[in-house]
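Two complexes are shown next, each including chain A; its partner changes from chain B in the first to chain C in the second.
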Partner chain A sequence: MEYLIGIQGPDFVLVAADNVAASSIIQMKQDQDKMFKLSDKILLLCVGEAGDTVQFAEYIQKNIQLYKMRNEHSLQQRYGNDLFPTPYHVNLLLAGFDETDGPGLYFMDYLSALAKAPFAAHGYGAYLTLSILDRYYRPDLTRDEAVELLKKCIEELNKRLIINLPSFSVRLIDKDGIHDLEKLVPVGAK
Partner chain B sequence: MALQDFSGSPLHLSVPAAEYLSESPIQFGQINPNIASNFINTLHQDLVLSFPPGFPPSCSPSVPLPFTMSHGTTTLAFIFQGGVIAAADTRSSCNGLVACPASQKILPVHSHLVGTTSGTSADCALWKRILARELRLYQLRHGRRLSTAGAAKLLAHMLHPFKGTELCVAATLCGWDGGERPSLYYVCSDGTRLQGELFSVGSGSPYAYSVLDGGVRWGLTVEEATSLARQAVYRATHRDAYSGNCVDVYHITSKGWARRDREELHRQIVQQFKTNVSQC
Partner chain C sequence: MSYDRAITVFSPDGHLFQVEYAQEAVKKGSTAVGVRGKKIVVLGVEKKSIAKLQDDRTVRKICALDDNVFLAFAGLTADARVVVNRARVECQSHRLTVEDPVTVEYITRFISSIKQRYTQSNGRRPFGISSLIVGFDFDGTPHLYQTEPSGTYHAWKANAIGRSAKTVREFLEKHYKEEDMESDTEVIKLAIRALLEVVQSGGKNIELAIMKQDESMKILDQEEIKKYVTAIENEKEEAEKKKKT
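So, the complex of A and B:
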């Protein structure tokens, strides 16, 4: 029911997440932010079971802050991944920009699978949008082209997904840090 | 409080653990079958559909429960220009019979914070008291009251170790922070913690949501807001079997919370309807 997507370009990573916090059949909140800032250039997108998402993401976030305070330098992006299986039922996308390695997007799921990918998605919406990404993705996308590709994916969700996702938060990470882009509201949704 | 040593490897995360949290929660709650309890008091839970994958399977309790728990209620809370309104019905149901038609589902935590309760009534009452105690200790230690956000976080973290057990608490914390602004948080024992402007919790919540969504605006007057809250609870009690009886309304402002007298709305509204019909 929740949806995450990430697209990596040559020098940036574009990520988006839906904004609905639901409880059984009711949308309790329509402006929930599912992205957690782990450092100036690393974002953790987190969906899954109700309480686990926030608990887990905040736990990782605070421990990384603690590491930074203790060691006076931030964790590099690849160490931001934790590799042990946890009892938390959460699916994650980790997106960031590293000084040495450049942009990176990592797909993680609740079984502690980890894969670095040029594009990735979580949720029922992934079934509909991965083939669009397969078809139109190129490693040398510009920022505008990546946003257009994202819009294509979201229009498809609006058209075919049985669950209405009224809006999506969008952020872009590059060498200058994390930038908030305009929220995407699919046409036809209220 | 025990803190693991940080060894320098990035994978070693520090884990603060209070001793009481490492005890198995299932050892709580042994009920002596010889003690007669005159006052069985449970509430019904909101609708459960088998939607999300990986929903925690109900674990068989190591202690036999005296009766099957079930939950049902309608509570709601919303923010407007005059503060926060919290309203709830007063029916405590237990498995198809009304255990108590006059229970209190909105419990004050301190002078500027009330919590609506939904789920298992005993669990809610206990955890509200524990929260009140912890907030008071915080106030004594730090010389200032903890904000509603902090109280919500505290409650969520206290309930987290019990995830997957039979404990069921779904509360909205309605408070006024530091003399400045109203604040509303929804906290659930499954770990959810949401900040918002309008929440309704319980088996009657969809009915209440539909009435509220049509009427709640920032610019409501206090009278309009109270009337809307009472209508919403009443409509939910009319349709939901597990909600009913009277309506409690609380109003929280910068001066603290104020309680409106409990009202039995059914007769009033039916009478009104009859008068309107007879005038046609």
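So, the complex of A and C:
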């Protein structure tokens, strides 16, 4: 039921994640932040087995900090991918802005399959929204257009998913770092 | 085969010679000086003159352990690398489990325990380094600690290790003034003046790192060091002139 989405533009990456932390059929928390800051310009979005997500994300976070301490500069984005199967049942989106490579979005699943993609999503919602992204995505989207595209995806989730996701955290990464955008609260399905 | 034999054993008169020899190794290392101010901590090291063809970025004697703590050492560089690496991992491990940055005392205690363990283990020799560890705790208090090959650590207001440490320490004892420690510039100047006592050819061979409260470590570049050195030399001249009149 959890949902992650990322959209890459020419000089930014837009990401959003739902805010529900559930235990079986109960919503335990409606303001859970599923994005983890790995560095000033890299975000890790993490969903999956409860507990595994936070443990894995924090472990990666601290290891990247350790790399920075040892090597006096931050890890480049494309090396921020942990590429061997772990016992952690987590699905990830890694989004960031690199000085040399520009914006980047990487999709990784719990079997450590890795793909760099212009847009990506995780969760049941992905089945509904990937086709919308296929139809409307352009590599030269402006930031506003990307947010509109994101809104289209979230409206679709609201229309077709049996479980309502009440709100989504949205962030944008560009050369100036990570920016918090307004939370998206979809209006009730018609 | 005989790796299970301890190297550090007591002598008949109660000395641990390996530890004392390690301390000798430290005395041969290039000088490092540390001063703790009210809102700033400073570490200065003597930069050994390097070969023309060598890249001097690879010879770093001042290492950041975390955003709030850094360290300078005197002695065997390779040994220091091992200790610094362990300390860096521990800083992050601490943040992961306790969700707080380490206090300067905690990481000093951690480093000292490692050093002590190596004076009591099979087949291992003590680390040949003394270190000066400085930083700020998360409540904003500054600290300066010194560790030794034996595994002891003490807190200091200002200290020196390595070659001619005694001379530098005496200089610090003579010139350390509590009121001066309020001013960041005075703290930096004290560290530089102390190093200038023993470093040949002045400012060129000094590397200085400072950390102000709530900021990360900054390594001063040669221009800034030159500015302080000139200021110090001017002050010296003024003092001499006054004496003569």
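In this section, the second predicted complex is superposed on the first by the 188 of 190 C-alpha atoms of A that agree within 3 Å, B and C clash if a C-alpha of one lies under 4 Å from a C-alpha of the other, contacts with A are read in each partner's own complex, and residues count from 1 in each chain.
One rule holds for everything that comes next: a residue touches a chain if its C-beta (ideal position, glycine included) is under 8 Å from a C-beta of that chain, and two chains touch if they have at least 3 such contacts.
What you see is a predicted model; the values in this text were computed from it and never measured.
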Partner chain(s) touched by A:Asn63 [first = chain B, second = chain C, both, neither]: both
Which of chain B and chain C A:Val54 touches, first, second, both or neither: first
Which of chain B and chain C A:Ile26 touches, first, second, both or neither: first
Chain B versus chain C as contact partner of A:Tyr127, first or second or both or neither: neither
Chain C versus chain B, contacts on chain A by residue: B
Chain A residues contacted in one complex by chain B, in the other by chain C: 59, 63, 66, 70
Contacting residues of chain A [partner chain B, same complex]: 1, 21, 23-26, 28-29, 32, 48-52, 54-55, 59-60, 63, 66-67, 70, 75, 79, 82-84, 89, 110
Contacting residues of chain B [partner chain A, same complex]: 6, 10-11, 13-14, 46-49, 51-52, 54-56, 156, 160, 163, 186, 188, 190-196, 199, 205-206, 209
Chain C residues within the chain A interface of the complex: 64-66, 85, 88-89, 91-93, 95-96
Contacting residues of chain A [partner chain C, same complex]: 58-59, 62-63, 65-66, 69-70, 72
